[in-house]
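Next come two complexes, and both contain chain A; in the first it sits with chain B, in the second with chain C.
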Partner chain A sequence: MKEASKLKKLWLATLMVLAMLGAACGQKAGDTSATGGTSTDDGDTIKVGLLHSLSGTMAISEVTVRDAEKLAIEQINAKGGVLGKQIEAIEEDGASDWPTFAEKAQKLISVDKVATVFGGWTSASRKAMLPVFERNKALLWYPVQYEGLEQSPYIFYTGATTNQQIVPGLDYLKGQGKKRIFLVGSDYVFPRTANKEIKAYAQANDMEIVGEEYIPLGNQEVATLVNKVAAARPDAIFNTLNGDTNTAFFKEWKTKGIAPDAMPIVSVSVAEEEVRAIGPEFLAGHLVAWNYYQTTDTPENAEFVKAFKAKYGEDKVTSDPMEAGYVAVHLWAAAVEKAGTTEVEAVKRAAAGIEFAAPEGRVTVDGPTQHIYKTARIGLIGPDGLIRQVSGSDGPIKPDPFLRGYDWAKGLT
Partner chain B sequence: MTALAVPKLGTLTPWKRRGIFLAIGLVLVVVAPAMLSGFRLALLGKYLCFAIIAIGIDLAWGYGGMLTIGHGLFFGMGGYCMGMLLKLQEAGPGKLPDFMVWSGVEKLPALWKPFGSPVFALSAAILVPMAVAAALGALIFRRRVRGAYLAILSQALAAAFAILLIGQQGVTGGTNGLTNVTTFMGYDLNDPVNQRSVYLLIAVCLGIMYLLARQIVESRYGRVLMAVRDREDRVRFLGYNPTTVKVIAFAISAGMAGLAGALFVPVVGIISPALVGIVPSIEMVIWVALGGRGTLVGAVLGALVVNYAKTTLSEAYPAGWLYLQGLLFVVVMAFAPKGVAGIAKVLKERFGGRKVPPQPVSHQPAEAAEPAT
Partner chain C sequence: MDAFLGQVFTGLSVGSVLILIALGLTFTFGQMNVINMAHGEFIMAGAYTAFVLQDLIGTDTSLVVALPVAFVIAGTLGLLLELVLVRRLYGRPLDTLLVTWGVSLMLQQLARDIFGAPNVQVRAPGWLGGSLHLAGATLSYSRIFIIGLVVVSVVGIWVFLTRLPQGARMRAVMQNRQLASCSGLKTHSIDRLTFFIGSGLAGIAGVALTLLGSTGPTLGTNYIVDAFLVVVVGGLGQLRGAVIAAVALGLLNAFVEFSTEASIARVAVFVAIVAFLQFRPQGLFVMKSRALT
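Our next item is the complex of A and B:
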């Protein structure tokens, strides 16, 4: 009797496992039929890949960018799509894991034959995907500000490079007479490279770096760090922390009771979404450097914010990386229309010089660097959680990923 | 309870076993490369690397009773040894790997220098994990540390190694790890022919490791190892030194993980701390648990099935695949605690056409590892 019931259980288990694998394979079989076509132009739709972390530590940030990209695709489809075809988004989960990003990028390219991919957030994920796109001569649109010193022929960078975000941030501090700067950052490539650039800037501009501290991504133990910063008495703090470490850092910092206007923290990875997550009461009065805020006053932005809230809910906020993802989709679509094909080399050639009236204002694709002209904006975080511009560049700044236009940056590359 | 489990080779004759081994080998070496696209073949290559780790873990855990949740450490060591070699080969003599340039490192760190030599790097990929495992094992097995303590200690080491890698960006590439590996021993990895060769190399290594493990568990040493797993004190009274027995198995197990790491880098192109820390280490144990520990075929199957399921589920349901994967684990563990190999065995007994007398439970190490009564 006992043996029989055990057998039955085993059977049940086997069936369930097989059913689940079968479900997965069913989907895959659909994929393989798609590989029959050699070009994405063959069908009634044009496939694009959306590759962000939908699980893991980065999911909270990356999902918002994916949402903005889907909004842009929906808008373009509503107007008839590109080349008369609807855009079909294929999503993959990068799972906050860099090798997974590389694997899924390869899958989108070779199995789904997508025309392009929009994806990534951390520089680590971009560095992992870069060889995949270069090897396959496929196109990636990367929508987040980053540390510069990179220019892949198969990546378009729609977030800010250093001279459009960090350098203006430093210029602002210099203008405010802040001389002693403390650098805090997460321990990965973006903060370390950014701080290398900041140190070079400081040396040339008579500023003093009074400390430089790193915390591993995801780490919440910030008490020692906060004590070190407070003891150094800097004029300002330049913050390149990413993810949930920011929450711990700002909460701990608040206990020191130092007024934000006496010792402001300038953050480059804290936007509206993060402000909401951390709590505006901990952040009000501190500064951020970006290219776009939900409050940015352009007609295009009013429309973008309205459309986003209509699609995803009134309580949602919009942020710089979301806007950059939204812009990336529109720029790609415009380049495809101009090229008359989704073929990568033709799209790359067509993209040069394309302009788009973005929520942040006019943006232009710079052909040689494949970055875009962006307006730099220094913002002040308000008690309501929104960020308002206190200073900005006169117009869009030409991207300079290798900082060639700056004498102090000579030794960096 | 009969404690000392003697390896029971099932009901297959040696010739049949050889036949099955050859058939599977033929599928992996001839059929798979012919049928699969380059992308899918590379994924299969990755799964086969994981299967090598699973064999190693099975040796330590399934046959030796040493539950290690730190094999990411050994896998990572092998991977980084290979990664350093390939990055140096790619940069060319006298030049720095790409990540050092953007990390502000101006001179090649001393640690990297010997890894320019393929012989050194390849032997280090296997010997360094073995040496670390042997040292660790000698220290803790002599103190008769068992069970959860070994698991915790090995896990802590894996975590520490990952943190070390992240903290030393200039030397290790930090969180990014070593990426953009495009050549292997001077061969361009973008070339499909070379990609296939790398895959074949992995398949052959898996075959060798499987045979090696099979030899080990069927040898006299293997029996003593299982005896130590089941009743260490009795083995000690018989005059064996359980510490030595366990250290050898643990070191071999680590060496296999190191080899898998070294093979992983050319096929995937990346080695990063994300593959080294606690989470991947736990996943590795799950493969073996799901496949059926204490059977080498089970370990291999577990690694293949779990990773295949992970890929297909995450492709089919990018937003919810984690739940499905979790469900899969729970279902298998709840209904088939002996894993996939256990299911296969029962099915064979039921439908194999040949009645096998019900086997006493003691043949299953799952039971045997329980505290003896």
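Our next item is the complex of A and C:
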């Protein structure tokens, strides 16, 4: 059967290429986009790395953090830089692919010899970069809320840890009398760990988890998930989806016609930028938990929003991770000034206790955990795409990445 | 019961998108033995067409206008690919495979350069916003629209293949290229027509996909694997095979996912296909032909 064997060969070949395609998907857009003017080693500049996904499924979120970090660098440079030198940003694209993050981090450290790196969004990218920074004794500033249970000596965490975001979010739901919770998340480390913590909280607080579903990152086919959630009839949905899946999820959810106040979705990875991209009409009335909103009422925030819009356009919005990235750059600069050097160990020592009047309010670096004190805020998404605070903590909360202050969290790892 | 109906609907709607994508593949593969890895990028081209038209003429009408425009744009891209590269590589399936894969990567980068790396959103027109409530299940208008669109496309292709002289020629070449050529058919121009139509259908699929999620440079790669599975299961060059296989795949995926979870559903679908191919390696339907191959 010549026909059959020819077909078989053809299919073998197809399968091979599909496998290659799968491998290549990870590495697509492995293009380097190093910018930042002339890179001289004459000691006039201090180089820092900005490592975010500028392509792929996470680009929707991470590009804006990069923009905010560049704004902070520009502001510091305008005031004379750090230690009398201008900061030079070297950009790399993590391409929404975790091994690429590790690779690019290594490149920034050993080839560009940067003083520090600001980067990452997903916990998977942070976990991939962590060993690189520890091995090289280099410094990473990670600007996004995450699942806690981590404390690397070479990472400063300027986003919220669990007790500054997820726990206050759950407290809010409990206060609203929401007892039956459905958990949806992307299938990687942050949602799975966060949900483990949420389940422990629920057990201790007389709440019931009526379902727990994960979707591969980047997947846009969510109809079945939405059907499942609707069939379970929860009081509220806790959403840890990341990236573009949120777009498909909220579009599909809207077609169910369930009023947001009857069954609110609490998201922890959807901020102003994502609301704008997905379309406010799909999200209005749902809740989010963060530490900062564009509408947060502080004089520093008014200035931050104004400066950001002046640099990037009137139609731009500011969000929590952007603010955390902006704060990270300023905190690092202050620590370098205090230490009098960019040397990593000295900067780490100097960073403890540093305060900064951030757009979200005063933040302080907690020396032992290398996290920062942050105010928790629950926000309601408005039809105009802006988020307004409906509840908040009294002042900044001390970071507790291992949830040592909570009895229900004993035994979580 | 309402959950069951909802899942039937979900399965149908997932399957219907696959039909559009797989139809183009099954014809180019069936007729020319060309495995076109760039097919996914024609889907992407269709989706970006809808995005560009939305800015030009507003969301109310852009979707309807985008359908024929995307058909022509994606079809033209396919035609160009055939004219410039594939034509020179007939009878060398492995080379075509690699070359079209390279083209696919180039087109992705091109889209990234033109539209930026972050995904873009196409707003659905207002009249597709709601949903139909039927026996407890909700059927969204946008998914109903997609199913309707696919039914129209499939009927259109069926009429074309069985009633029109061009369609008859296409089938002739598919069944026996040498004999068709001996009978005076210009097989190469028929190949070009096949490529145009197949790629155009992918463009229409791209427009449909903008209703469900966001549009990015790698939109097509997410669907191309499933589309190839449909082609294998359905049998090469088989309209009804592709339709049945796509719907079966969609339903299987929807129901396994509903009772387990997304990743397990993927595994289950692959296992089912491997098992199926053990018993029917040639797919659901086989083209009967006296061609010597």
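Keep this in mind: the second predicted complex is superposed on the first by the 371 of 413 C-alpha atoms of A that agree within 3 Å, B and C clash if a C-alpha of one lies under 4 Å from a C-alpha of the other, contacts with A are read in each partner's own complex, and residues count from 1 in each chain.
The working rule: a residue touches a chain if its C-beta (ideal position, glycine included) is under 8 Å from a C-beta of that chain, and two chains touch if they have at least 3 such contacts.
For clarity, every value in this text was computed on a predicted model and none was experimentally measured.
Enquirer: Touching A:135, do we find chain B (first), chain C (second), both, or neither?
Expert: In the superposed model, A:135 contacts chain B only, not chain C.
Enquirer: Just chain B (first), just chain C (second), both, or neither: which does A:217 touch?
Expert: Touch status of A:217: first partner only.
Enquirer: On the A-aligned overlay, A:187 touches which partner chain: chain B = first, chain C = second, or both, or neither?
Expert: A:187: touches chain B and chain C.
Enquirer: State whether A:244 touches chain B only (first), chain C only (second), both chains, or neither.
Expert: A:244: touches chain C, not chain B.
Enquirer: One more residue to check, A:252. First (chain B), second (chain C), both or neither?
Expert: Touch partner of A:252: chain C, not chain B.
Enquirer: Figure out whether A:328 sits in contact with chain B (first) or chain C (second), or with both, or with neither.
Expert: A:328: touches no partner chain.
Enquirer: With the two structures laid over each other on chain A, which partner does A:55 touch: chain B (first), chain C (second), both, or neither?
Expert: both
Enquirer: Which holds for A:111: it touches chain B only (first), chain C only (second), both, or neither?
Expert: Touch partner of A:111: chain B, not chain C.
Enquirer: With the two complexes superposed on chain A, say which partner A:231 touches: chain B (first), chain C (second), both, or neither.
Expert: A:231: touches chain C, not chain B.
Enquirer: Which chain A residues lie in the overlap of the chain B contact set and the chain C contact set?
Expert: 3, 6-7, 9-10, 13-14, 17, 20-21, 24-25, 28, 31, 54-55, 93, 187, 214, 216
Enquirer: Can you name the residues of chain C that touch chain A in the complex?
Expert: It comes out as residues 2-3, 6-7, 10, 13-14, 33, 35, 37, 93-94, 97-98, 101, 105, 108-109, 112, 117-119, 121, 123-124, 129-131, 133, 138, 140-143, 212-214, 216-218, 221-222, 224-225, 228, 232, 253-254, 257-258, 261-263, 265, 281-282, 293.
Enquirer: For the complex, which residues does chain A have touching chain B?
Expert: 3, 6-7, 9-10, 12-14, 16-17, 20-21, 23-28, 31, 35, 54-55, 91-93, 95, 97-99, 102-104, 106-107, 110-111, 122-124, 127-128, 130-132, 135, 147, 149-150, 187-189, 192-193, 196, 214, 216-217, 413
Enquirer: Given the complex with chain A, which residues does chain B contribute to the contact?
Expert: Those residues of chain B that touch chain A are 37-39, 42-43, 99, 101-104, 163, 166-167, 169, 174-177, 179-182, 190, 268-270, 272, 274-275, 308-309, 311-316, 318-319, 321-322, 324, 327-328, 331-332, 334-336, 342-343, 346-347, 350, 358.
Enquirer: Given the complex with chain C, which residues does chain A contribute to the contact?
Expert: Spelled out, the residues of chain A in touch with chain C are 2-4, 6-11, 13-14, 17-18, 20-21, 24-25, 28-29, 31, 54-57, 59-60, 63, 93, 187, 213-216, 218-221, 223-225, 227-228, 230-231, 244, 247-248, 251-252, 254-257, 277-279.
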